[in-house]
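In structure tokens below, several structures.
Here come two complexes built around chain A, the first alongside chain B, the second alongside chain C.
Entry: the complex of A and B
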């Protein structure tokens, strides 16, 4: 059987229904009636999948839940010697297999930066690792870029298949789906009928066309040195960031932001150790126990965000930058801060000094 | 609109040497978005724009970023305010977060600002926008190809559809002429009344569904001009600890109740909390409900009269409704 199948628009629900019997199927759905925003939720009967625009909240939650319980505990008093107590710990997690259907190349690229941090370093993160292994990505070729998108500026593109297991190309009144690896190939028989040569040819042309697009104006992949040059130019950061309101939107909607907090949340004798999303935009992110805060002002915090993505990260991980160009931080920013602009202008200072 | 932007720039230019900074709006990352503008040099004034995309309430920077109660020189902060923004400003002055004499206020009567997401729902393919204006009851969006017209009630922000104060209440200089409010006092709480017609269990369901989406990014709090606790918000304090890091409904609900309770009788209904919410929760409804209660009990509306003492910031032994 060919590795390329066709799903007619009208059959999509049935396909997702079949898939959801075997695994959790995460699909993009609207936030509510009359709402514009989209988030990823597990598919169930009656779910209306929306594929015509980028999600506000990508599938980051699937591999990196906003909150996950690392372990739960209970203190138990020793009945014979009340001065003693011991702790019951439970740290087993059941991770079920999952498929993310209809994410875009930028969403998937986000996880490539996660992999560097959680899998490829000296220590592996077992929580992330389990989910990563058990999750497949059926990614949609992206032909709906808007003025905030810049995936090509960060070395990706609307036809970037890296990190995906299946590749979906919208063709006529349906989708041509192609397996990109062995994991993906296993799902092909469940998904649909073989595509006709015409459909395959059409899909090939669409893929070629979309892949040739350059989304975004600059090349932002070589900004590490420019960032260092601007680091101490506080006027620059003040100028760029005065309007920031220090909320966590840019980091929470970002497919590549992986910072987390670990807290013990307990009540009486029981509790849980939680890992939850944190945001470097928050004052409390760097607040130390002494009361000292190395990044008390939003200028320092925003500078760190830019530095992390375009300088520290590539320095640590072979030049890879931790920005996927999805534009979510721009689109969702309450005051429309444009990270492209901030990174683009880094350069002038370095040049000017030369 | 062009003319108003010009007038705005000229008015600021006249007084610019007495200003530290002029706060207005400029074009954002595309022509469908405006972004706050901090102008520190007069030659940059030509960046300032005025159009129905200028939605941000700039007063939110006053008690946070700019802190005008501590001035290093005798220069003022120039700030543009729409009708709703001017109410926030008055509330800040009443609560002594901002001294009136440190401000140069440019008031702009406002016909409403665009809800970008509602516009996208109507016309997702809108691209190459050149200008956005309000003409009569329509929003005109000129693109390089053609001009689109949308009925205002379909594209304006919710706050604007019920706007009773389109004209700035406090200002040093007014751009253009006062306009007629879109809504009367009787319509102020129509949206609340709609929710209140639900049965209690339906109301609970409604809020569970809406608040469940909250990701606790705290944008609603940070965009609020009257949320003045800055980095000391009790939603994030560790000692004592009121909220956990869990992201279940209880925590989200509690956070929003804290936010709303701290704004009871203070909220000026600028709607910024709702506008900035990335997951589109109608959080203004909660604050408006509290305002309605304050209005009923104490006959007080926040941000109308700079001389008045906000009732919940004082104690009146003769108060007969408490």
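Entry: the complex of A and C
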């Protein structure tokens, strides 16, 4: 039973065009200015899709918009008592079906962290849940690693298909696309013609080759105990992050960073309660109204970030690391702090004590 | 547009029924949910919290300081500190706010049964203890002797003074203290931890429940340990900056624990297992 289809390089635009008639199609796009690099935007006719490099910013905003409305409200005069107001409150959202086309395994893996927190905790986040249900991922096998990549160090890899609905393998003259589940299968007829046995064989070999690669040197999945052992070693943390300028870019570009802020914006008698991306690297993130701050120093904030990804999260969710190894925090960091190095060296103190 | 089946971010609309001036910067709000059925069916544990919304300004977290045994209204005491509390202080009876509640874990009322209870409160820290105290008075036979050591900077900074007689007649031994001498003040003078040491209550079959400013908690813990209280005999509540209140937004964590859903009530035994980042 072959459900593998082939999209020739020259047909890609037509395929995206067809798909975008049925749903919002998010693709990696090179922005004109240098500031943004490549990021995911809804496809339209003039879009130039970039599939041969990792995007600067992953598709995090598709399921978790940088700013979204949680509630809208309006103060209204009470007809029975003109000295009083009542409040009209709305919390609906309208989500259209969407496809993320051309994200990489690391990008998609980021949402597995989101799923644990937004769907499997004590409370469900209905905004995330609706988007998650209506969004498909056609993920690109990754054959473009660079020196900052370390997906295999965190239990993933360039051929990791977990969390994807369709799997795209680039071959010389186009792409072989395969459905990984029922949701993905429904899109196959829209996407192209049946692949030839030669194309399928070629794709199989590429998948095998790429999946066998180990991207990243260490195994960083067993660092929880080492982190606990290092927790109170202030010299270690101060030394590791002395360069940090608390800019927060590591959290902004991170596919697994989900922390958010909630703020009200209002004008006259109407307004909205908004959710927006926040960052644990910021002083104000934990600052209390009393003036007390449990993480006033940058080394404490960075330590919490490392702890959350490599210790607290796996302790809470069956060993799952909340880092996808995409390397964006390393690439984007203006002072080149390397999280691999920070996690790698956690171990030594514990070993030394034994 | 599709409606959510349930949305933990959506507050219930509520009306301010009464406002009590406790101190120069603390007001107590008595609030009723506008949806009568939801108000009737509202249930919670002593110590659980709620997020109060001023639409257009934001939300803040406060303990529900009325007990679940008294359900005519939900009561919150608000110290004027930041933006939301400032606006709450400007509100009047009849004004509309939002309430997301109950959130958090509450006091282990069953574990406290058949014990003597030692409450130790400082300032606004009396609010979470009030709900438990009244709950115990309403279930008086389940609990042994109840002592409350309650301190504030000055006599004017004590909350719920109008209820002290009710507490006393319910069998609470009330030890009041203020930081320094004041004219006409006939009760104790001195910081709460000092008064605790002077009182020297027995730890035998006793559970201590404490809430107050961090510096008070720190020295109260030392005092309780000197009186041979075991870690599991000490219960406290923590405060952190919160936004979502439902364990998602990230900021109130101490290691793996989120104060908004795993707390705010913790035993000292639990606190000692956490990373030292209070």
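Observations on the structure shown:
Following the convention adopted for this analysis, the second predicted complex is superposed on the first by the 346 of 354 C-alpha atoms of A that agree within 3 Å, B and C clash if a C-alpha of one lies under 4 Å from a C-alpha of the other, contacts with A are read in each partner's own complex, and residues count from 1 in each chain.
By our rule, a residue touches a chain if its C-beta (ideal position, glycine included) is under 8 Å from a C-beta of that chain, and two chains touch if they have at least 3 such contacts.
Keep in mind it's a predicted model, so treat the numbers as computed, not measured.
In the superposition on chain A, no contact is made by A:46 with either chain B or chain C. Touch criterion met: A:263 reaches chain B and chain C at once. Of the two partner chains, chain B is the only one touched by A:332; chain C is not.
After overlaying the two complexes on the shared chain, residue contacts for A:93 are found with chain C alone; chain B is out of touch. When both complexes are overlaid on chain A, the residue A:182 reaches neither chain B nor chain C. In the superposition on chain A, A:118 makes contact with chain C only, while chain B stays out of contact range. By the touch criterion defined above, A:79 lies against neither chain B nor chain C after alignment on the C-alpha atoms of chain A. By the touch criterion defined above, A:173 lies against neither chain B nor chain C after alignment on the C-alpha atoms of chain A. In the three-chain superposition model, chain A touches both chain B and chain C at residues 261, 263. Of all residues in chain B, only 28-30, 32-38, 56, 60-61, 64-65, 117-118, 120-121, 124, 127, 209-210, 213, 215-219, 221-223, 230-231, 236, 238, 244-247, 272, 275-276, 278-280 touch chain A in the complex they form. Across the complex, chain A meets chain C through its residues 70-71, 73, 75, 84-87, 89, 91-95, 117-118, 121-127, 130, 228, 231-232, 258-264, 266, 271, 273, 278, 280, 285-290, 292, 294-295, 300, 304, 307-308, 311-312, 315-316.
Partner chain B is touched in their complex by these residues of chain A: 31-32, 34-37, 39, 52-53, 56-57, 66-67, 146-148, 239, 242-243, 245-249, 252-253, 261, 263, 265, 274, 276-277, 279, 282-284, 296, 298, 330, 332, 334-338, 340-341. Per the touch definition, chain C reaches chain A in the complex via residues 1-11, 13, 55-60, 81-82, 85, 94-96, 98, 214, 239-241, 243-244, 246-256, 261, 275-278.
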